[in-house]
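Look at the two complexes coming up: subunit A is in both, with subunit B in one and subunit C in the other.
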Partner chain A sequence: MNEDNAATILTALQHADSNFPSGSFAFSQGLEGLASLTGKRPGTDEITNFVREQIVHRWASSDRVALAHAYRAGDDLDRVAEIDEELDLSTFCETLREGSRRNGQALLATHVRFGTPGAASYRQRIDRDTATGTLPVVHALLWRRLGLAEEACVAMSGYGLVSSSLTAAVRLNFVGALTAQSMMPPLLSLVATYAGEPVAEDAEICGFNPFGEIAAMNQAGLALRLFSN
Partner chain B sequence: MDTIDNIPAAETGTKPLGAARVGIGGPVGSGKTALIEQLLVHLAKRSISTAVITNDLVTAEDAERLRKGGAIDPARVLAVEAGACPHTVIREDPTLNIIAADQLDRLYRDLELTIIESGGDNLASTFSLDLVDWWIFVIDVAGGDDIPRKRGPGVLQCDLLVVNKVDLAPHVGVDLGRMLEEARSVRDGRPVVATNCRSGENVAAVADAIAEAVLVAR
Partner chain C sequence: MNQHVLTALPDQGAGLRPQIELVAEKRGGRTVLTSQYVTYPFHMTRPFQLDAARADVSTLYMQSSSGGLYAGEDLRLRIAARAGANLHLTTQASTIVQGGERPRASTRYDLTVEDGAFLAFTPDPQILFPGSFADTEIALSLADGACAVISDGFLLHDPKRLCRAPEAYRSVADVSIGGRRVMVDRQFVEGRRLNEPAGPLHGHAIAGTVLLLGFGDRLAAAELAEAVAGCGARLAISALPRGCGLGLRILAKDGPAYARALDAAFGAAFLARFGIAPAPRRK
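And then the complex of A and B:
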């Protein structure tokens, strides 16, 4: 491996790391609502299926597509903002929609302080209500400017979904930390499959994951909640 | 078209200038919310424009209590979820609190002080200085007079240690004088204030300390 490749991998590791301050720890993507929805504490199969559905029916067809389009929009922030709005409008469940915005804006806050090119400008748009700041679009905006390739950004986004979902499962005490790690490889393999499929130029943002959305809506109505969604 | 090439210089630095940000942390039941309720009265008397962010572990009970208390405009109280970990949201990853505080700065141009209340935690709890300018740790006599001796990072590192519920000392077998002496000793003489937040005893001293530490210099 040459030094440039090593540096790229290390940059990706830093920014995909769950320790990177992005706010992601506070979002369960509806997982917290799963127990009350099914009437029992979810185990490894239920959690794996839940995350798998998130990957296939939401992330791959919606977040991944938005990220790729926003990445390709490059420095055209008007186009980035259009994609941002489209992703926001296409997310039916309110708490998932708000969660994506808050998570995106939290990540953006960190990069504004770092001085990452584009971060302050895009936050100004959000402040003026001319952009929404959904997480996948913010990922594309920032990670592209860190020199990461589109394929790497897509893989990092999918990793973040799997990692944060399983971290939430551990914090909810649905599964142990070691078990959660053992659940990761097949889910990451699924992410890799989609990450290896280029997003078509005319691909539309079209997530549809009713079970996950119902779980997220159910979570929003819980009297006791640990997570934002 | 607004492009990356013509954006203004990016904001950099660890903390943007806005309202001063003060953290209040401490164990469950030590009296953090009660202290804030009392502080809000003192701050209002001094015409200090204030907002509060709470980090309840579950639900938004603390935020609702402050909103209903009448000492602050309810719209100036925001609740940020702690994601099952009160440490993380104030230390390892304070970004959700940062964007909430930034939001308050934008909404209230006159804002001078934002108080950020941690969810109930343990003695290892500390605030990131990426989030706050100055922070208070609240313990109470009913938690045991050995708490200062345990030298938790919260007790040792905070800018001001508040020992609350001093009225309970005789009822729980605590030698208050010795507890305060040990607290000052482990903190190398840095400030310790003994309060009773139910009656308001000594809360003015806490308000004085906040004003002196983060408001006078602005």
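And then the complex of A and C:
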């Protein structure tokens, strides 16, 4: 490995790390609602299937597509903002929609403080209500400017989905930390498959995840919950 | 992996006259059709006034005269509810979507609801046969002060029980209010995913969505939740983007449970709009 490649990997590790001060709230993706929906505490199979569904039926065709389109828009912030709005308008479930906005905007605020190129100008667009700040689009905007390739950005986004979901599972006491780690490889393998598949230029932002959405909407109505989404 | 790169169909039929063109207007305390063009493969009933206390609400049943949707079809419907008109468009039964070579069967709805008007479009779920690809696009333009109920859904059917899946399902609802785009619900799934034991249907045979748009404070999520509770389907409600309304996702094991959920959602919207419960829409 040459020094440049090592530096790129280390940059990706830094920014995908859950210790990165993103200011974000943890995503449970509706995992908390799953328990109340099924009436029982989910085990490893149920959690793995739930996260797998999020990857296949929402992230791969929605977040990943928006991220790739926004990445390719490059410095054309008008186009980035269009994709940002499209993702927001096409997110049916309010908790997922608001969570994506909140986390995207929080991450952007961190990068404004770091002085990451492009962060401040996009923040101004959000302040003027001409951009939305969904998380996948903010990822594309910022990570591209850190020199990361599109495929790496997609992989990092997918890693974030898996990592935050399993972190939520641990915090909800559904599984232990060791078990959660043992659940990661097959899910990350699925993410890797999608990261290696180029997003078509004319791909639509879409999805089909009714059960997961019902779980997430159900979560919003829980009297006592750990996660906002 | 994405065998059907998820793109809109080329607009091959652009410029051609739709198979259904309807204009509903309020005349003399009733909602009447002032323009009506219906051709193969559709048949439309006359307007019925089913709600005795609201004779200004007209209900139309749309029927297929061809036995269903066929591979390669590209059908269009253009329906307008002019200012103050109240129109309910539904179906008498589910429509079969047949499989075949190049199976994509497209139906495009161009719906316009003017100021103070009400439009409900609540078809029965499409029946997806093995190898079928139902592709539905609904473009809905609401004026400020108008309201609408829109549903779309499907039912899996494998008559020979060969565990054969549909090819795909695509459903898009693109909504504008007062000329401003407020939401797009774009669902797509490859059929083979629907047959997977751990697939997105979780053992349900029917999936659907209801959008209740433009009702504002007249229809709260809690009221809708109360209306649909106990219908026997797995469902949940969400506020939709830009405050445009409420959305309902439904998973049901069987047709009656889905129908109860759809009827309950329509009933809640009807009550919010007209102050009375709707009469049953017999099928």
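Everything below uses one rule, namely that the second predicted complex is superposed on the first by the 226 of 229 C-alpha atoms of A that agree within 3 Å, B and C clash if a C-alpha of one lies under 4 Å from a C-alpha of the other, contacts with A are read in each partner's own complex, and residues count from 1 in each chain.
One rule holds for everything that comes next: contacts are C-beta pairs under 8 Å (C-beta built on N, C-alpha and C of every residue); 3 or more make two chains touch, one makes a residue touch a chain.
Remember, predicted model here, so these are calculated numbers, not experimental data.
K.L.:
Applying the document's definition of touch, where does A:Y194 land relative to subunit B and subunit C: first, second, both, or neither?
P.N.:
Only subunit C; A:Y194 stays clear of subunit B.
K.L.:
Which partner chains sit in contact with A:A119 here, subunit B, subunit C, both or neither? Use first/second/both/neither.
P.N.:
In the superposition, A:A119 contacts subunit B only.
K.L.:
For A:R145, decide between first (touching subunit B), second (touching subunit C), both and neither.
P.N.:
first
K.L.:
In the superposed arrangement, does A:R102 touch subunit B (first), subunit C (second), both or neither?
P.N.:
In the superposition, A:R102 contacts subunit B only.
K.L.:
Once the shared chain is lined up, is A:D75 touching subunit B (first), subunit C (second), both, or neither of them?
P.N.:
So A:D75 only meets subunit B here.
K.L.:
Answer with first, second, both or neither: which of subunit B and subunit C does A:D88 touch in the superposed model?
P.N.:
second
K.L.:
On the A-aligned overlay, A:N209 touches which partner chain: subunit B = first, subunit C = second, or both, or neither?
P.N.:
second
K.L.:
For the complex, which residues does subunit A have touching subunit B?
P.N.:
19, 21-27, 74-78, 102, 105-107, 109-110, 112-121, 125, 127, 145, 168, 171-172, 223-228
K.L.:
Which positions of subunit B touch subunit A when the two form their complex?
P.N.:
1-5, 7-16, 57-59, 80-85, 88-89, 92-96, 98-99, 102, 106, 130
K.L.:
Which subunit C residues qualify as touching subunit A in the complex?
P.N.:
1-2, 5-8, 169-170, 181-189, 193, 198, 200-202, 207, 209, 234-242, 247, 249-251
K.L.:
Residue numbers of subunit A touching subunit C in their complex, please.
P.N.:
37, 49, 52-53, 56-57, 60-61, 65, 86, 88-95, 97, 193-194, 197, 200, 202-215, 217-218, 220
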